[in-house]
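Next come two complexes, and both contain chain A; in the first it sits with chain B, in the second with chain C.
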Partner chain A sequence: MALTTAVPTASRSRVGSERQAARRQWWGRFALRWVVLAVLITLWQVATVAFPSPFFPQPARIFERAALLWFPGANGMLTPSMQSDVLPSLGRMLLGFSLSVVVAVALGTVIGLSRKVGDYIDPIIQFLRAVPPPALLPIFLVLFGTGDQMRVLLIAFGTAWPILLNTIEGVRSIEELKYETATVFRIGFVGRLTRIVLPGAAPKILAGVRTSLSLALILMVISEMVAASSGIGFSIVQAQRGFGFLDMWAGIVLLGIIGFLLNTVLTLIERRILGWQRSSGRETA
Partner chain B sequence: MTAVATRPVQRRVSTKVTRGLTGVAVLLVLAESVSRFGIVPANILPPVSRVLSDTFGLLVDPEFLGDVGSTLTAWAVGLGMAIIVAVPLGLVLGSFRIAYEASSAVVEFMRPIPSVALIPLAILVFGQGTDMKIALVVYASLWPIFFNTVYGVRDVDPVAKETARTFRLSRIGILARVSLPYAAPLAATGVRISAAIALIVTISAELLAGSASGIGAYILRISSGGGDTSLVFAGTIVAGLIGVVVNLVLVAVERKMFAWKKEGVA
Partner chain C sequence: MLNVSHLTHTYGTGAKAHLALKDITFEVQPGELVSIVGPSGCGKTTLLRTMAGLMRPTGGDLTFLGDEITSVPEGLAMVFQDYRGSLFPWLTVAANVKFPLAKLGLSKTDLAERVAESLSAVGLTGFEDRFPSQLSGGMQQRVAIARALAYRPKILLMDEPFASVDAQTREDLEDLVLSVKKKFNMTILFVTHDIDESVYLADRVVVLSKPPTFVVTTLDIPLSDNRDQIETKEDPEFIRLRGEVARLIRHPENDEVASPVADLA
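Then we have the complex of A and B:
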């Protein structure tokens, strides 16, 4: 972060070497990360061998089990658990999450632009966002039944608040000067929206999206643990009730991997969208 | 000068309040009429007036208050333990580059595991009671507090540290008197984020584990007993109110404790 600031008149070679140093640092961090992971898994393995417990199987066996359950075999076909649990889970989550992003950004932009609208619905928003989303599960069950519709809507509802609030804040933080400039250049409403409001609010919006992503995963799992017949959450609960501790752990590990991958994808998207901004990262949420 | 300036501010605040109340009133009337006129059956969406009176009923119902107490106990104990572990850990690990890089790698691998996925495991290890809830709350609220503390420590002004070193403060002295005050506001933000997550996790655990007591357990008891939907709504509203109050209190505490922050650090 500090590396990219203020090298106005430095010679080209110096910029080059700095870039090289940055790259070396990045590789160092990358290597360290995987070394740490390897050490961690080794420790876990040693601990489970040294202190055997039925609840904590060896990681080697967990990974073996996970590979068996979800990796396509030699024939390249999707495994049954992949088809019946993982894909439906991901589908529900992505559907609910995209619904939430679209609605929350649209609504947040409207509220952010108009103080009046904001004043009218602010207390309602403050209350609804404070309700712990899992507490809504029984209500959503009553309102929408036990099908996928309920799960998608619960995910959408629960994840909307961080995005909505951040969008409002981001839109409100845009300086008046930018709108005045737009007026001078006779840029219309749509132009303002796409060229000033949304880009200006983007860093905040994406920070909200990041917070919501982990919520989406939580809601996906919990909604599948109640009255479901498929999904990763369902398979974990089934495994636990049937004393299939390997399967249960395999599910937990899979969720960790999915969370990690989703976060990585989001970081890439963030970098692409916010590439024009110099110091965009480091949100604390 | 100030007298002139406050008057428009006051007017602004009062229009804000009026508008807010209007918004709430419109929503309530709308929801009431939706169920009164049978657009949505009353057993699915009970009339607001009944939900509200049930909410007030719950607030004086000793049985339900016991549930609230059980939830809040697990929440507070878990959050307190997470603070005790995460803040010192963040202070130390944030101070050393290698330790920071290594720990951020660990965090990156542990954090994506959604805490609710661990509920079945926690039930096996800790049973269905308070211990299980506390363990989950500790796990879930550890990360935001730890992360924010580390960020805060990384941001400590090097000059302040050098100065402390010049005055021959020991390493621990620097941690306690320079790094901790510097990182405290961010750590407090972490606590606020964790407080909300902890409430989510506690109630989830109660819903899923079939705990004997807790707000989640109450909601589950009522809804699975084929009971009154209105009471389910009321229980959820109380959960929301607790969320609002917790957030307000923590924001106020932050403001009071770190009022100095506005002048010194930007």
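Then we have the complex of A and C:
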């Protein structure tokens, strides 16, 4: 095991060329992803031009419409639809989702740490998670009315399960020896929680968060399609009912873009928290 | 500083009771490296766990610096066999070493100094920002040793620390233990099932029997302080001692002499 030998120049330049190769690979993947998307959109455009239908407008016009509806104008002012639909939607979703993350991680940690609590609660969890959250919409309407409260709670409730279950699993996967190490170094309960339990369960928790994030978008739209007066879901249904198919499609495209952006943000967060996982496998000495 | 007197431990109760440790008595003096050697399954790990305060023995006396050990005593560190399980994969090497220091109330510069000193003592300077998974097994165990060193324990317990590294690395790590012991004037209790290792490292060897376990004998190792993997192991004295330990483990002829104590337990 050569621990102290300096890194020879040859291997240093090898590292450099490796980095270059990695960069080239990254660009390759990047180009591939976007080229395929561009080709598909072009095909879509060609198809809609070749076979015109009021139900399937040209993508070029959809994007044009979307830009008109939601891009801030030259004066930097938010468009009315941005203010009345998009921002309320995002607000509900983020509020509901944050609530879900906090409650599910806290609850999952307790259940994961205590076998006994887990045994009692497990059947209830298995039952509740099996209920498709949209099916609960009527109950939530009755319980919480037609306001934002109902929508936020529905999103929170529906997205909590994947995070909860993953947190439990993540907490349970931590080896006993890690706790014993902490015991030997006289680390208390709070120290174990923040320095072993949460970081140890983080990979699982984030996997749950990723699943839940797309659920949150779905639940946001569904909850806004019923008894709502604002929101992206509301505007899509309104457009469809008024034969405004261009607006309807624009709303759908917007949802896709929002989903993509949220996922990107989550990926960045994941990279930061789980950086240690990506670097594994490269052995030295 | 560590006194073990007529320690016994029984797992389970009633008909299922299993006597693991029958009668263990020995002591560790400050600055000494005592190794405990015995056949596999003889309860070495149980013994060490009771000393670390991770479990209570069912009988006997156990004191550290005069106080009875009821929970993990202050000033004790432990290096486990399973370094993968005992290191924190989400922390860098430096952060792993820093892990036990959080509550000691050190200043930032003191902290950094201790981490740097410990890492340099185990030859890992320059690896501060790596993650454990990027290191070989031997290097990971070095991190675990550095972590224990940074804690500045009064006694260091090592539970078969080199049982899962290859032979070459093992010799390097054995020499590392000797150099660290000298440098920090450490008191070390080293558990192993490797006879050569127990003799090579120790000032004193405690030889254990098959379970139910008792101390067959305690051997002083009068080898020089400057030990060398090749020369020391060629030394006729070393060869005689390792032979004696091996014989004692295999045929503990004083079996009957040592057992009456068990009747008291």
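What we mean here is this: the second predicted complex is superposed on the first by the 268 of 285 C-alpha atoms of A that agree within 3 Å, B and C clash if a C-alpha of one lies under 4 Å from a C-alpha of the other, contacts with A are read in each partner's own complex, and residues count from 1 in each chain.
In the analysis below, a contact is a pair of C-beta atoms (placed from the backbone, for glycine too) under 8 Å apart; a residue touches a chain by one contact, two chains touch by 3 or more.
Every value quoted in this text rests on a predicted model; they were computed, and no experiment measured them.
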Chain B versus chain C as contact partner of A:Thr183, first or second or both or neither: second
Partner chain(s) touched by A:Trp276 [first = chain B, second = chain C, both, neither]: second
Touching partner for A:Gln240 - first (chain B), second (chain C), both, neither: first
Partner chain in contact with A:Ala160 - chain B first, chain C second, else both or neither: neither
More chain A residues in contact - chain B or chain C: B
Partner chain(s) touched by A:Glu175 [first = chain B, second = chain C, both, neither]: second
Which superposed partner A:Leu69 touches (first chain B, second chain C, both, neither): neither
First, second, both or neither for A:Met225, with chain B first and chain C second: first
Residues on chain A lying within both footprints (that of chain B and that of chain C): 282, 284-285
Interfacial residue positions of chain A with respect to chain C in the complex: 1, 3-4, 175, 177-178, 180-181, 183-187, 191, 195-196, 199-200, 202, 274, 276-277, 279-285
Residues on chain A engaged by chain B in the complex (per definition of touch): 29, 32-33, 36-37, 40, 55, 116, 119-124, 126-128, 130-139, 141-143, 214, 217-218, 221-222, 225-226, 232-233, 236-237, 239-240, 245, 248-249, 251-252, 255-260, 262-263, 282, 284-285
Contact set on chain B toward chain A in their complex: 15-16, 19-24, 26-27, 44-45, 101-102, 105-106, 108-121, 123-125, 144, 147-148, 151, 186, 189-190, 193, 196, 199-200, 203-204, 207-208, 215-216, 219-220, 222-223, 229, 232-233, 235-237, 239-241, 243-244, 246-247
Chain C residues within the chain A interface of the complex: 52-54, 72, 74, 76-78, 80, 82, 85-86, 88-92, 99-100, 102-103, 123-124, 127, 130-131, 133-136, 138-139, 151, 168-169, 172
